[in-house]
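Taking it in order: structure first as structure tokens, then the write-up.
Here the chain labels run A, B, C and D in written order, and each chain numbers its own residues starting at 1.
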Amino acid sequence: MLNRSWGVTLIKLLTYLATILLVILVFCLAGFIVIQGIGFLNKELFKESVPLIITTLMVVGLALLIALPLGIFSAIYLQIYTNNGRFVKAMRFSIDSLNGIPSIIFGLFALSFFIYYIGLNRSILTASLIMSIVVLPLIIKNTEEAIKTIKVDQIQGSLALGASKFTTINRVIIPYCIDGIINGVILAIGKIVGETAAIMFVIGTASVIPHSFMDQGSTLATKLYLIIQEPTYSSNGIGSAYGIALILLLIVVLLNLLVKLVNYLFKKRG
Amino acid sequence: MKKQVFFETLYKLSIIFASLLLLLIIIFIFLEGFPALREYGFIKMIFNGEWQPTAKNPSFGLLYMILSTVVSTILSLLISIPIGILSSVCLVRMVNAKIKNIIMFIVEILAGIPSVIVGFFVLKTVVSFLYDHFYYMVGVSGNSMLAAIFVLALMSLPTIITVCVNSLEAVDPMYTEASLGLGANKIQTIYKVELRAARSGIFAAIVLGAGRVIGETMAVMLVSGNAINLPKNLLEPTRTLTSNIATEMSYASGLHQNALYASGIILFIMIMIINIVLLVLLNKGGVDNA
Amino acid sequence: MNNIFEIINLNLWYGSKQALKNISINIDDNCVVALIGPSGCGKSTFLRCLNRMNDLIANCRIEGSILFNNENVNSDSYNEIELRKKVGMVFQRPNPFPMSIYENVIYGPKCQGLTNKKELDSIVENSLKKAALWDDVKDRLHSSALGLSGGQQQRLCIARAIAMEPDVLLMDEPTSALDPIATTKIEELINELKKDYTIIIVTHSMQQAARISDYTAFFLMGELIEYDKTDVIFANPKNSKTEDYITGRFG
Amino acid sequence: MKKILSLVLILLVCTSCKESSNQLEVSGSTSIAPVMEKLIASYEKDNNVKINLTADGSSAGITAATDGVSDIGMSSRSLTKDELKDDLNVNIIGIDAIVVVVNKNNGVDNLTIDDLHDIYSGKKTNWKDFGGINRPIVLVSRENGSGTRDAFEENIKVKTDQGISLVDSNNPVIVNSTGAVIENVAQKEGAIGYMSLGSVDDEIKAIKLNGVEPSEQSIIDKKYPITRDFYLVSKKDNKKVDEFISFILSKKGQQIMENEGFIKVK
């Protein structure tokens, strides 16, 4: 089809059409949240969501703190130190499949393994632990894809110059695939901030400012889910759920910008 | 030299610890789900549609829900993959950088939206539209398979686009120049060469997108109506395996809870099948340059 | 021997930096023209003007006219797709598509709408024969092109270009990434191809220019210093700068 | 990099020691959680004890209390025979009325228990059978196992002796949150749903049952037909738990229950 001129124009048309459709969907969804939530963005809601924001940032921070080194190092090992044998393919395959497990199952795993079995308390720490496991497959996959996109000959170039695999990693691989990893981090942040099912059993519903990771608390997403669950949770019912959703989007925006800023500074200095 | 040994053992430890963690979850699901499979029987569970977990002699038939998951996953991916890939191509190759950054900025945010809110968006728009136009039909409430497909497509689009755009941008410009040098026009260059070169990234996007669709609970439960029936037409309510786990797990106990974990095993197998299909397509498509 | 290319007062800027200054040159058909000069002198940029590959570069401004078979290529009305069908290009690094050998060669013709299997098979056969690659690959046409050696890949790129039956073949340092044996094979191939195509080749090695080209153009700092028969350029160049470069005093 | 990893390890180690001091864990029914949050807030003011609350459903609450993971389990449904263990004591802390709600444009404002039985079992499927507009009825129901659903279906007798609910075979819109019930009933003119009295808001219309208006007075006089009790399940002889429960049953505690739209027990 691509070899006929009508085929080319058709594909071009479809490409533009898909983008227009995407833009409409994306702006409708974003617009819906802003319109529904803007009315409830008053000082009182901001004050009420300060503990939620803090809890959310704690979960994001600790989850990434665990998942990032674990995920990146695992991806490096899978891509560089293995010969892509059958075992490695099977492992990568099962990691991919874990991406599809519904987060409710991670939630139940957290409840019965961390709480019932190990005896941890319901706390922000437990929530962060389970979230680090939830985003682990995402980070491993994104980092591996990033390493794959580095030109093969750049890696061979460095190895050819007698650099060991290890120095190749630091000099060539990590600097070059930072952008891929950053995208993985952004997807992971999105997943952690928006997650409810995986953590609602283990994080409690307290809405006070937590003092330590051992305290309970609710993130923006779990509070929002609770309000939808029982609108009497907040004074103006479901409306404040939209308000919190807006604040949540704000946090996602700030976190994404922060990550990109860190990446930019790292590149300028590196 | 010592630093290198330390880091290389660290890499090894990381992959071992990571796979242990992930294995733990798989074992957990199989451990919890196995009693139901043994007692109620795997075959009976898969080929019987009757799900009455709390009845006197309970039946744990998952057939209708398996079909619902299969239908909703395939149809939603049939929407989100083409739109995702086509719009990623447009964003990377056909639109100036400023527009692309604005759209990507919002798409990245939408990847972070809690699915409950996307569920409410579709509930307030698609579901009420369907109800207003089909209310006269008995048993139609707007909450339907169609709405579930719409919400799943909406949920998976940001993931697919973010990964696709990332892999398209990483395509080596030498392919573009080679293709244009042979007299191919822009569209041919993109679709015949660049997509082929970025193939492994695009397949990663599809796998992540499929994972997001199969694993979605909160949004689907809001719009699908959650009634268990054979997916005959798009306007009837439906319940996917994942929604079933989410709705009933909080009150399930004993064999009922094991049956829910068993459906988790079935989900895991379905995800593996999708991955296998995608891997075969990836390799069958001839050459893999990475 | 009529002129296939007539370039009059060609200037090119990358943003504010001028890369080509007022170049005028006439190139005859069915001969090999070598472009030599120190790196950064604009010879590759000049080569890429001939098939408007510089259009891909964002802030690149071109002035002057490039007449190809007496039509000005530089004007917007001229369709660059038609130009590139007639002016094939081979790049410095072998860049076969991540497809099979067969698919690589038929890529160009297929894009122009040719679908008849028999015709495509014959194109593949004579392009690969012309590129002296047919014997190496005739029994594994459908295996991956990335499995070939560097020299074979470059010859595949040449075969791919020939498949379009162009009038001119542009080569941007085709052998700089290859080992000596593969380089001599490519050079023998160029001597063969000279009969049917005009070949314009950018090269760093003056020996290569002397060996295979009929005419040689010497570029320096974006200017065309001297353009003449190869043996004149290498025996007694008119311009002192050419002589300094030829004898290796700088560059 | 090494520093960070060691930090994580320390964190993991120090958390395994279970904190017993003056902390209480309360978990369970989502219907009780909102009012429980207010009870905890006022109790914590004058007692130095920290009470953690988790809303993960009635059965999860009961299991957590039985296994000792939570000190108090909240349940908005009566416990089943095998849930009732002898080392558990069960207190009723309040009564909640379950109200039937319809779309605001729906003319019907009174139904009897038998009407509800016919509607939810699928015998009658159009509002014109009840004097409303000619429009099919859309059933909105809570998920299996929700305390609210159990109490409602118990009262309108739509469960077969096999324990199977007739509602499931009439393509109901099953949701697992009050917010979703409100949204579905508010946007669909033919919809009918039910929720706890305290949750009704102005987007939907509560209707009379057997001619009785759902109000605190009608519930106290036992005239309103569908009510359910709020249970707290806890292990016996735990001083801190008993003190908290006695606070809830005190005048101050019951007043908080009433402010939230529930009916006092004492």
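The rule we apply is simple: a contact is a pair of C-beta atoms (placed from the backbone, for glycine too) under 8 Å apart; a residue touches a chain by one contact, two chains touch by 3 or more.
Quantities reported herein were computed from a predicted structural model and do not represent experimental measurements.
Each step here moves to a touching chain, and the least such steps from chain A to chain C number 1. When chain centres are set by their Cα atoms, the one at the greatest distance from chain B is C. Taking each chain's centre as the mean of its C-alpha atoms, chain C lies 79 Å from chain D.
Inter-chain centre distance (chain B to chain C, centres taken as mean C-alpha positions): 48 Å.
Between chain B and chain D the centroid-to-centroid distance comes to 33 Å (mean Cα coordinates, whole Å).
Residue numbers of chain C whose C-beta contacts span two or more other chains: 111-112.
Residue positions of chain A touching 2 or more other chains, listed in rising order: 2-3, 69, 228, 241.
Touching two or more other chains at once are residues 56, 60, 176, 180, 183 of chain D.
Taken together, the touching pairs give a contact graph of some other shape, not a line, ring, star or complete one. Inter-chain contacts, as defined above, occur between A-B, A-C, A-D, B-C, B-D. Every residue of chain A that touches chain C in the complex is listed here, in rising order: 2-5.
Interface residues of chain C, counted against chain A in their complex, comprise 110-115. Chain D contributes residues 56-60, 63, 125, 135-136, 138, 143-146, 161-164, 168, 170-176, 180, 183-184, 187-191 to its touches with chain B in the complex. Of all residues in chain D, only 1, 4-5, 8, 11, 15-16, 18-19, 25, 27, 30-31, 33-35, 37, 52-56, 60, 67, 69, 176-180, 182-183, 198-199, 201, 260-261 touch chain A in the complex they form.
Contact residues on chain C toward chain B in their complex (touch as defined above): 51, 53, 56, 81-82, 84-85, 88-89, 91, 93, 95-100, 103, 107-108, 111-112, 144-146, 157, 160-161, 164.
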